[in-house]
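Down below are the structures I want you to see.
Shared chain: chain A. Partners: chain B in the first complex, chain C in the second.
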Partner chain A sequence: MATLDRRQIGSILAKQGILIAFALFMIVFTIANPKFISIDNVFSVVRSSAILGVMALGVTFVVISGNLDLSVGSMMSFSTIVVLDLHDKIGPLLAIPAMFAMTLCLGAFIGFLVGYLRLNSLIVTLGMLSAIHGLTLTYSGGQNMDIADKEGTWFSVFGQGSALGIPVPILIFVGLAALLGIALARTPFGRKVYAVGGNGTAATFSGIKRARTVFTCYLISAGCVATAGMMQASRSLGSQNTVGQGLELEVLAAVILGGASLLGGSGTIFKTVIGVLILGFIQNGLLLVGLQFYVQFVVTWVIIILAVWLDIAAKRGKLFSHIA
Partner chain B sequence: MKQGTLSKALKGGAIWGFIVLELVFFSIAGEYLSLSDKAFMDWENMLLLFKQSAPIGIIAMGMTIVMVNGNIDLSVGATFAIAAIILLDSMTWPIFAGLGDWVIPLAWLLALLVGTALGALNGFIVWKTGVDAFIVTLGSMLGYRGIVFMFNGENPTSHLNWTLVDFAEAEFLGFATATWFLLGVTLIMWFVMARTVHGRNAYAIGDNREAAVNAGIRVGPHMMINFAIIGFLAALSAVVFYSESGSVNPNDGQLYELWVITAVVLGGTKITGGAGNVIGTFGGVIAIQLLRKGLGHIGADTSTVNLVIGLILIAVLFLDKQLNVKGKEELRV
Partner chain C sequence: MTDPVLRLEDIVKTFPGVRALDGVSFAVMPGEVHALMGENGAGKSTLMKVLGGIHQPTEGAIFVGNEQVVMAGPLEAKAKGIVFIHQELSLAEELSVAENIYLGELPRKRFGMVDWATLRERTNAILAKLNVGFDAATRVGDLSIANQQMVEIARALTVDAKAVIFDEPTASLTDAEKVVLFDVIADLKASGVGIIYISHRMEEIFKITDRISILRDGQYQGTVNTAETTEEAVTQMMIGRKLDLTRNASHHDLGDVALEVRGLSCGKLYEDVSFEIRRGEVVGFYGLVGAGRTEIAETLFGLRTPSAGTIRLAGQEVRIGSPTEAIARGISLVPEDRKGQGLVLGMNCRDNMTLPQVDDLTAGPFMAEGAEVAIFDQYRDRLDIRTPGWKQKVGNLSGGNQQKIVIGKWLSMHPEVLIVDEPTRGIDVGSKSEIHKLLRGLAAQGYAVMVISSEMPEVLHVSDRIVAMYSGRIMRTFTSDEVTEDSLIQAISGLGTSSEVA
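Let's turn to the complex of A and B:
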């Protein structure tokens, strides 16, 4: 076996840095508190990260295609409110597809603006963040939404149920991650997403329909948001209008932590899942060792910047930027 | 007429045209829809509008130079909250006891210093690590907000100093203190951006960073100074606002970054950097505040305001794209 030189070590660190950091993190916290790695704790962390995680899966597509989606938080509030409202009006069996259709319409609108009209995705989704929030408030009249019969509905299965001993939110998260992971890594569509994000002009010249690819990415994102909204609604069976507020940035943090570049063209579903888990376990681990709840935000800040910095530093071969 | 002059004039004047349109619309619609019998274009009402624009407006001036510079700052809302807490809490510190009202300038200075330092920290990280400003400030938005919550949990931090309240509520030549700060900051930032080497370099860096590096401009320090400026202005905004209100919630300032960016973009600053000015931003700030006030005047609630502002932002972006002559040469797909 050949010995690894520094360069190879550097490249391994750069490629798998986030996994190594995750492993180190888990080991340190397990030593600090053995309960950390227990099945119960792991389940509870993954379960509470699942909603954020499902949204992050969709945003991964958007980010790889070279765009941003800041509207997922308020879109999630929208789908949560809509499905709760329709649940009592037309029953859960019809409410879920109706809510999916409405959320997908929003996604299609964003996809049309960013994909076909080629407007800047940051500003468009910023505008949509505000607009969808307004839409949600108009829809609900500013009132909290609650299901009348909380005991008798089977709708709670998506957020509270479990199958084969595994909580349903985890099953949805893992299942969707597998599905979208395959779509991104093993299908022609996935290749197009990377191509469009890596170099849009080159992709266009090789006959890839850029607009349609971006449009589809936003549809996928909206679909994930609708799923997350369904899980959120099902978990609490009642909701405020602002349930998803601020989630867009946490989702983005998870995706970036997983190593996707905001410039597009890089990132994988697997890495995003790692990013989501890191955020979830940081929160949980810091609480278990007895630190204040809010310390996690500061730690997340440091970790995000370190992760992205080391990633960039490994690529350019220098720790500090060349900017004078 | 040179090609592009018309579209340039249209773009430059668009925000002021929009403001006039809003004024006319709300004046007429207000006649029929308003619940109060006061006219919308009431002088008192307009003075109040300027005052209410100040918190967002002061930060927006800093965001203009940061965005012209090709960066963005998402952490301003959290910086705003930290500065407010420093201001109100430091006035109760035992070491400052016995100073009487002299504690006020000290508290102001402290809050402004902390804001400047937090901004400079963002700039330093962007400079040295080469990580995109969006990611750096997204991280510090979480981090700074965490610090705010660590300070006092979910409880508000309050301290009322009546001398300070009197100062904040004072009026000079009809304008409130906050309005004067907004006007002063706008004037100074206009001077910095249009009449100084630093301002010119900020445009150059935002337009083409590589070219600026090759031209020998020290890109890093300029970016750091701009982040320090926006940190200072976020703190100044907090200081002016909380001198009057005297109580800060740990959630205060949340979503400010979105309002500020909306105002700056409405004012014609390019999100990719290199173009924009504070006069346009001033228009953007006034336009947003008019819209909020006007919609309130004709009886619409906050939900409509959010909806309308979001859609207007997108419409402006769309129009900008259509008016952009360069866009026609772009690859049409």
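Let's turn to the complex of A and C:
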């Protein structure tokens, strides 16, 4: 009888491992500081996670297609700097599409290398991480970028505005998540992404254009990065060259926390959103209990590892691999 | 009376929505070859996985010798002398043959360095016993499926085994390789090892086994002595009814030439190949592995670029640059390797089946999921696919049912030219004859069908004409009236003369 119960628990855990870890975590932190789940705090967490979240949406496509994108952090710095610079030169109405076009070109370039030339995505995007950083520095001449008239621009709406009482960054994140979630779950393109990531050869044998599918995933990722850059620029109306530095790993962590496999073929937008929220709440919770900012990096990492371990352990039904 | 080497008692195994095993008992004596038979999805592989420590039984007990054991994992099973040769290959493609065979137990030198010389030596000794045409250093990914299967078998020979489980070992072997395998089994048997042998091929079962145990829908049907039973009786126990094995020699009229190939070559893979297939005709391609049949199919499907020659579809010369183009021109290919080329194992049944037509099955910008389910239901019924529902991951289906998904996937495209490469690999006798009927039926409806098979009875059974290939060349083309087993064997071993096709 005891074994039966264990098995039942096991199968529930296997499906919902991450959600349960998340719930436990929320409970512990709420006991430590009841402010943790106040409406204000929840709003503030979602709002500050929105930029990371938007990037994670795009990377979800790339990861499901069986590839990595480590260039999103430095690409986001690029978008932010470019849109801020162009804002004063050609006005926000033109600056935004111009920045999107430039960022999409970067995405297309990566998509070409990984999709059509079949180069390893880790190498390509790791290289692009520094290449784009160099590009950003060259573009800005190493200077920080600031908007001259911070009070008089409508451009601040994407990062600071709110509609119907909800902050615009949250609206963008939720709207984009819904749009991309549907695209991934319900359209032929989404189906192809899963097929290409699940078994590229079988996808080819089914007449699916593998290269084009991968290419499109990187375009989507770049589009999300451009959106995130716009939000970032709009929030601060000025920026350092390195604003997106390190975000690529946080984005990847969120996607993996959500349960997408790095091997490709699995994951959903909904799960990624959960992953983003987990990460956001972890960092927020640590601040609320008064941990030093620097300690956060370490603790965040530990919690990610724990969560992923729990997830894998639940899937295989025991904590340690028998091959250990 | 000696004791069994291995005994399973009242094993129950459930998966969500499936009762795969329902109180199965089973025992193997030392020095016995014990066949396990049953339809696709009957629970054979699951029973063996329970034995091999891959699945834990929901209920029931396992005994090795007289001792009750719990098989916590594959390594433990191996340590207890139970060796498992899986239905689905599980090799590391990037590694060499030697590394695959001794994976986890590589011989070591000082400081934990791998002792490559010893490794190579030991491996080549085993390979010599198996009489295969590759050596220890070959990369596994470069081997054909059949040869990969031989590597799996070689791996089993490195262990001091009490019992060896072969789960459909011959599904992708040629006749010559089978002979070697049967020798290996005879050796094991002589040294007192208990052997469990799963196969859908009656002639093998009756040739090499001593007893046969039968499963149906996860339930144990009984055990019979091979010498005292007949194919019909076993089939009846397996499927619960008699099987109609008459050849469907529907002699319908042939239509126009649907596919015409002239002087086609692809480097050294095959050379100067010419043939045509008419609407309503089934043409069988028979030959040894490496004869170039699969490569021809891959060329027709846009996966290889021919170095010379022409392809005509319905009289029109075409260039087929990619599978996408091939599909658009009405060609379907049921590929040889279902796991590698045919299926996305992590995807559900329905999505796998409709994968080639994702762009067409739409309602506005979205997938028309209702239409997809309808297609799935249609082919599930037509091919008798056993699954709890379309949402099941294909990877959870039994091997034969996976193969049926691949066949359904390509039938649902309603192709002009249907190419099937080893279509009934791993499929049970009942379904096999259904699929043969289906292929004949498709021809009667006007499809042009190209059947590549390494099973002579299959080729003889379904084909209107048979093309015999040897080493990349067409040796002879037979009509179904003139062909004999002997002449066919002669032609595919390169003994006959190459016949020029006018």
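In this text, the second predicted complex is superposed on the first by the 308 of 324 C-alpha atoms of A that agree within 3 Å, B and C clash if a C-alpha of one lies under 4 Å from a C-alpha of the other, contacts with A are read in each partner's own complex, and residues count from 1 in each chain.
Everything that follows uses one rule, which is that contacts are C-beta pairs under 8 Å (C-beta built on N, C-alpha and C of every residue); 3 or more make two chains touch, one makes a residue touch a chain.
If you're wondering where the values come from, they're calculated on a predicted model, not measured in any experiment.
A.B. asks: Put chain B and chain C onto chain A via the superposition and say whether they clash or fit.
C.D. replies: With chain A as the common anchor, chain B and chain C collide in the superposed model.
A.B. asks: Examine A:N144 and indicate which partner it touches, taking first as chain B and second as chain C; both and neither are also allowed.
C.D. replies: neither
A.B. asks: Chain A residues in contact: does chain B have more, or chain C?
C.D. replies: Here the partner covering more residues of chain A is B.
A.B. asks: Applying the touch criterion given at the start, work out whether A:A195 contacts chain B, chain C, both or neither, answering first, second, both or neither.
C.D. replies: second
A.B. asks: With the two complexes superposed on chain A, say which partner A:S38 touches: chain B (first), chain C (second), both, or neither.
C.D. replies: neither
A.B. asks: So, does A:T204 touch the first partner chain B, the second partner chain C, both, or neither?
C.D. replies: A:T204: touches chain B and chain C.
A.B. asks: One more residue to check, A:Q292. First (chain B), second (chain C), both or neither?
C.D. replies: A:Q292: touches chain B, not chain C.
A.B. asks: So in the superposed three-chain picture, is A:I132 touching just chain B, just chain C, both, or none of them (first/second/both/neither)?
C.D. replies: Once the two structures are laid over each other on A, A:I132 reaches chain B alone.
A.B. asks: Among the options 98-106, 368-376, 404-412 or 476-484, identify the stretch of chain C whose C-alpha atoms clash with chain B after superposing on A.
C.D. replies: Residues of chain C that run into chain B: 98-106.
A.B. asks: What residues on chain A does chain C touch that chain B touches too?
C.D. replies: The overlap between the chain B and chain C interfaces on chain A comprises residues 201, 204, 209, 322-323.
A.B. asks: Across the complex, what residues on chain A touch chain C?
C.D. replies: 11, 182, 186-188, 191-192, 194-195, 198-199, 201-209, 265-266, 322-323
A.B. asks: Would you tell me which residues of chain B are touching chain A in their complex?
C.D. replies: Going through chain B, the ones touching chain A are 74, 125, 127-132, 134-136, 138-147, 149-150, 153, 213, 218-220, 254, 258, 261-262, 265, 271-272, 301-314, 317-318, 321, 331, 333.
A.B. asks: Enumerate the contact residues on chain A facing chain B in the complex.
C.D. replies: Against chain B, chain A makes touches at 113, 117-120, 122-124, 126-138, 142, 201, 204, 209-211, 246, 249-250, 252-253, 256, 262, 292-298, 300-302, 304-305, 308-309, 312-313, 316, 320-324.
A.B. asks: Over in the complex, which chain C residues touch chain A? Could you list them?
C.D. replies: Result: residues 16, 72-73, 75, 301, 303, 322-324, 326-328, 333, 335, 340-347, 351, 355-356, 358-359, 361-362, 365-367, 409 of chain C touch chain A.
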